[in-house]
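Can you keep this structure in mind? I'll have questions shortly.
So that you can tell them apart, the chains are marked A, B, C and D in the order they are listed, and the count of residues begins at 1 in each.
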Amino acid sequence: MKALVYHGPGRKSWETVPDPKIVDGTDAIVRIDTTTICGTDLHILHGDVATVDAGRIIGHEGVGTVVAVGKGVTNFKKGDRVIISCITKCGTCAFCQAGFPDHCQSNDAGIGWLLGHRIDGTLAELVRIPHADFSLHHVPENVTDEQAVFLSDSLPTGYEVGVLAGAVKPGDVVAVVGTGAVGLASIMTTSLYGASRIIGIDTNAFRLRKAKEFGATDTVVAGEGAREKVLALTDGLGADVAIEAVGYPETLQTAISLVRPRGHVANIGVHGVPVEFPMEALWIQNLTITMGLVDATSTGTLLKMVASGRIKSEKMGTHTFKLKEIDKAWDVFANAAKEKALKVVLKA
Amino acid sequence: MKALVYHGPGRKSWETVPDPKIVDGTDAIVRIDTTTICGTDLHILHGDVATVDAGRIIGHEGVGTVVAVGKGVTNFKKGDRVIISCITKCGTCAFCQAGFPDHCQSNDAGIGWLLGHRIDGTLAELVRIPHADFSLHHVPENVTDEQAVFLSDSLPTGYEVGVLAGAVKPGDVVAVVGTGAVGLASIMTTSLYGASRIIGIDTNAFRLRKAKEFGATDTVVAGEGAREKVLALTDGLGADVAIEAVGYPETLQTAISLVRPRGHVANIGVHGVPVEFPMEALWIQNLTITMGLVDATSTGTLLKMVASGRIKSEKMGTHTFKLKEIDKAWDVFANAAKEKALKVVLKA
Amino acid sequence: MKALVYHGPGRKSWETVPDPKIVDGTDAIVRIDTTTICGTDLHILHGDVATVDAGRIIGHEGVGTVVAVGKGVTNFKKGDRVIISCITKCGTCAFCQAGFPDHCQSNDAGIGWLLGHRIDGTLAELVRIPHADFSLHHVPENVTDEQAVFLSDSLPTGYEVGVLAGAVKPGDVVAVVGTGAVGLASIMTTSLYGASRIIGIDTNAFRLRKAKEFGATDTVVAGEGAREKVLALTDGLGADVAIEAVGYPETLQTAISLVRPRGHVANIGVHGVPVEFPMEALWIQNLTITMGLVDATSTGTLLKMVASGRIKSEKMGTHTFKLKEIDKAWDVFANAAKEKALKVVLKA
Amino acid sequence: MKALVYHGPGRKSWETVPDPKIVDGTDAIVRIDTTTICGTDLHILHGDVATVDAGRIIGHEGVGTVVAVGKGVTNFKKGDRVIISCITKCGTCAFCQAGFPDHCQSNDAGIGWLLGHRIDGTLAELVRIPHADFSLHHVPENVTDEQAVFLSDSLPTGYEVGVLAGAVKPGDVVAVVGTGAVGLASIMTTSLYGASRIIGIDTNAFRLRKAKEFGATDTVVAGEGAREKVLALTDGLGADVAIEAVGYPETLQTAISLVRPRGHVANIGVHGVPVEFPMEALWIQNLTITMGLVDATSTGTLLKMVASGRIKSEKMGTHTFKLKEIDKAWDVFANAAKEKALKVVLKA
């Protein structure tokens, strides 16, 4: 088969590799029908993710068709159309049984993100999915691939690590710092679950325009004076919840500066360096600050909302390519702001 | 009457001042029967709390007897024996109605801690309590002053900002960094509410011994190797909850280092400088970090537990003095480690 | 002033009565600008509510303008435009402080519903509101009277006693038994807060049509075969939540029959007789069954949603009258099904 | 091997039957070291449980040693000492993944209670455990069989269906109607998790005495005047939570009558007939009523508490027998009140 192989920092190629095979009885082999590239894949190519070895097929999102299952798989069979979760859930360890497969303890790394990281991933024609019973989802007939593919990772991340971790309540004012794909996923799901006001904050005009399309009630250009503008959109005390969807010290500090006493700050961004927290001012503010990897345990819930037409997940995909055009798709996604791209859709 | 007046950094005196009077219809005047000194009072004397003006009577804890009430007070009358909450709750602002009087918006500072801070406090023979209906608690007959006085602030702080904010669940392993009075208040209330293992961490041998008396199942001497010892007391992944009860960058960083993925860190300590968070490692750990001032809304619950004998709050008081001996009591409390003191009890 | 006075079963009159006056310092006098009639008012006229004395001005919903306040009122002043809560909240008793003013203990009845019940109500030109600081809400400029009037009781009841008590979660299937005004209030708020499917069940075609307009995704005619139809709209196991908004044994038993194992049944209906529960079948089903009077503590949250345009509360009002035409309005509302009426709006 | 076989109503025998064998790859075979009889087993023998076929080996509690595992079992191996959960959890169906194995959908009955019900059970020398990874628990070395055996069903039932479903909060007054083995399990776990007052209610003096030993602060003899006595132990309004642990209409009605407005009623009892609820009085009381089968998902938490010495589960066992003396043990347990028995312990 063909797959996108990472060959060390800055080097990738769409090349012929051996087909994956069933290894454990709980495996499934899935033929990729539709997939997409994640910001994390860009980081891998930059060499920022030390735990990805050269030779690894990358990618951790996708919709496909089951072509084979091991003897221990009970929920899926050949021919089933499935969403592949970005998190591989063993289902039996203590973290998985507690509902936290992001820290699945069945592997040495103690992490649920294996696809395109510790094992071969989804930017390929075929992929092996361990623990298939827990790591795949059936796709209802009325849900298209272009809707379903964003339920592997993008929407669950914005929803779980942003909206749920941020404990958004009906009536809340929510500020989202960074309105790229993940920030927009938070906006889309926040707007649906009862926020009264959603404020998108970014430096990029295209992204701010998209924020409005995804459900933001207001947008603010990031930078000088942004905090005052956000506070003016509240009762003067700040937002109930701020969601950080970038991953820099300044953006996290901005998010912290936007919330009121008793506020929540939900960090989604992947950080590369330490961040200084102004604890001399914060200790008395009764803030709750959260951070984390997605569990993707909300995929089922989000799928119901997509199926009933209440979430328009297809809006995440702005550009479509053939899977074999992946280099071209990569370039578009790597220059998302300039290309006015959110997520690229790759079709087999 | 006599009261302890702050006259600027390093200067205090027990002196004669005018008696307080009813100012608003919702006020009560309380005669102090039993009071105590808080670590925050030491900070005030050091000049660390800029919002305390010279001339202020300090103190925010106490048990006393109502001597007068304004016309708008309905829950209390002359002669009632009461606990004075360290938080003055207006009851009607949005924060108070939502259950968060720590950020009461009825005053310019937007803060519920007024006594001995913005208005005269409880280290005095008499004190004026605004919003008495919301800021006093009736004391059941079978609860002594020596038990009740620690429900003004100490126990609620350890319980609310430590145990409740840390979301301690039955079966949890809880690590408490700093086993002074507030850390011990967390240990006492954590042990009662279902933790399976409570680990006290401190540098001071007296405090570690007290930790065991207050319910810690294990103690660890802070410093080199402490993290490894704590992890060895868990399944190797760390504690479910770490409570910080000191207020330095290192102690907060220690607390953060002790929790497992999905863990909670509850900061109680008052910080004076920024703290660097290792977000490059934490972002993926799904931590929840909280911090804050006490609401003292748990006083009623804790009072029921004290009344039924299930919390032995009197263990917090190690030394007893006459109120007029306050200078002597102050010296003991200011040298708590050396004096083997937790809290001092001052009796009228 | 003029007011609607109840003179015993079957007897009411719009007549001249003395103006209300400030009695306690925490009172306000409000001039009614817009009001409405509740199903409970119909019950009162039928003589079903024994605790309403002859001579009582009835009504407990309304929007108006403050014309006078007592000295103890701090949140409101003359000229303020306000929503009158159907629940009079003293704010200081244990139930009120815990957020449950429906069982306010400041009166002998231990109940928060006083207006038009134990004291004179809102179907009048003027009304006295005790505990005004806790029982009124400011109306934002961009919210009309026709939107605001349904936040006194109707919307909070459908939302609190239906949606919140029923613990509706994102993705849930919710069945609403009875799609009159209160059932529709549940549908309107359920559809907003993440339900994936909302099934309205009623015998009346007009009401079922309205159910769709208010956000139901499906409707089922009550009676023979209805249960099977509802189950067919789920995975065969039943709804996650059933909301009962009628008040008869059969409708509550229907609601119970519609939920899956682990389901929730939220009873809103006012019952007049005991109801037999099939506990021999239910004990193993892990159901949660709730019931209750509204607290109206959600009015602030709902008001934010109305102000931001996310809840169209004005859809509840189908007919508008002058306040002095109240007898005509009453007749329309008392024959709601025939008149194709939901709620009537009465304007001063 | 030898096992206790049910041969239809009133007929059981301890007889020789074939040894169980691995059927599915996810099975384990466990040699029973310690087991016990459940009240449900008595019901089965009476013929009350129509879904138990003649020829069935009964029993669903036990501690034992793994003697064989299928190829798909990863958490357990030969020689492991284990607690057998009364609930067989497939782990992969939607209910199991949501944490509700009591309604596991992997079998036709849609129920997680299979052992000694739909498949052969634990009153035997050997037992086959399907889905072993999800249905067994490792026993720590410092926990004895006599402590562990009550974590199969008794303690989890009292805790989950009573304490957790009843939402007991710190400071609550909890009334437990029926202080047999399951009611005592609720008392034991309620007293640990922060209740301020626990009132045991029963007709039997031995059981009431045991209630005090298990942590009740007060006991009341059931019958005439009991309600008044319970209310007098509260502020006059009733208990926060009432737990029903019997299963008759009168006992459930009693439990309902004991709670205050906003109270919780948690039904644990197995009911055989419908129960009339006084909805004409209850609708306004804002009660929450729950009922259900145990999930046994709390076994891990309770095991930590037993291991740390905070729950003394061994107090449940009042009589010990050899497994082969099961007929004698049965007679004692079937006459528990007369024999002053709670649970019988059967040792291999």
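The rule is short, and it goes like this: contacts are C-beta pairs under 8 Å (C-beta built on N, C-alpha and C of every residue); 3 or more make two chains touch, one makes a residue touch a chain.
Computed from a predicted structure; not experimentally measured.
Counting C-beta pairs in contact across B-C and across A-C shows that the higher total falls to A-C.
Inter-chain spacing, taken between the CA centroids of subunit A and subunit C, is 41 Å.
The centroid of the Cα atoms in subunit B and the matching centroid in subunit C are 42 Å apart. Shared interface positions of subunit A, defined as residues touching 2 or more other chains, are 300. In terms of which chains touch, the assembly is arranged so that all chains touch all other chains.
Residues 25-26, 71-72, 74-75, 91-92, 94, 97, 99, 106, 133-134, 300 of subunit D are the ones touching subunit A in the complex. On the side of subunit A, the complex with subunit C involves touching residues 169-171, 192-194, 196-197, 217, 300-302, 304-305, 307-308, 310. Residues of subunit A that touch subunit B in their complex: 95, 98, 100, 102-103, 110-111, 165, 237, 247, 249, 252, 261-262, 267, 269-280, 282-293.
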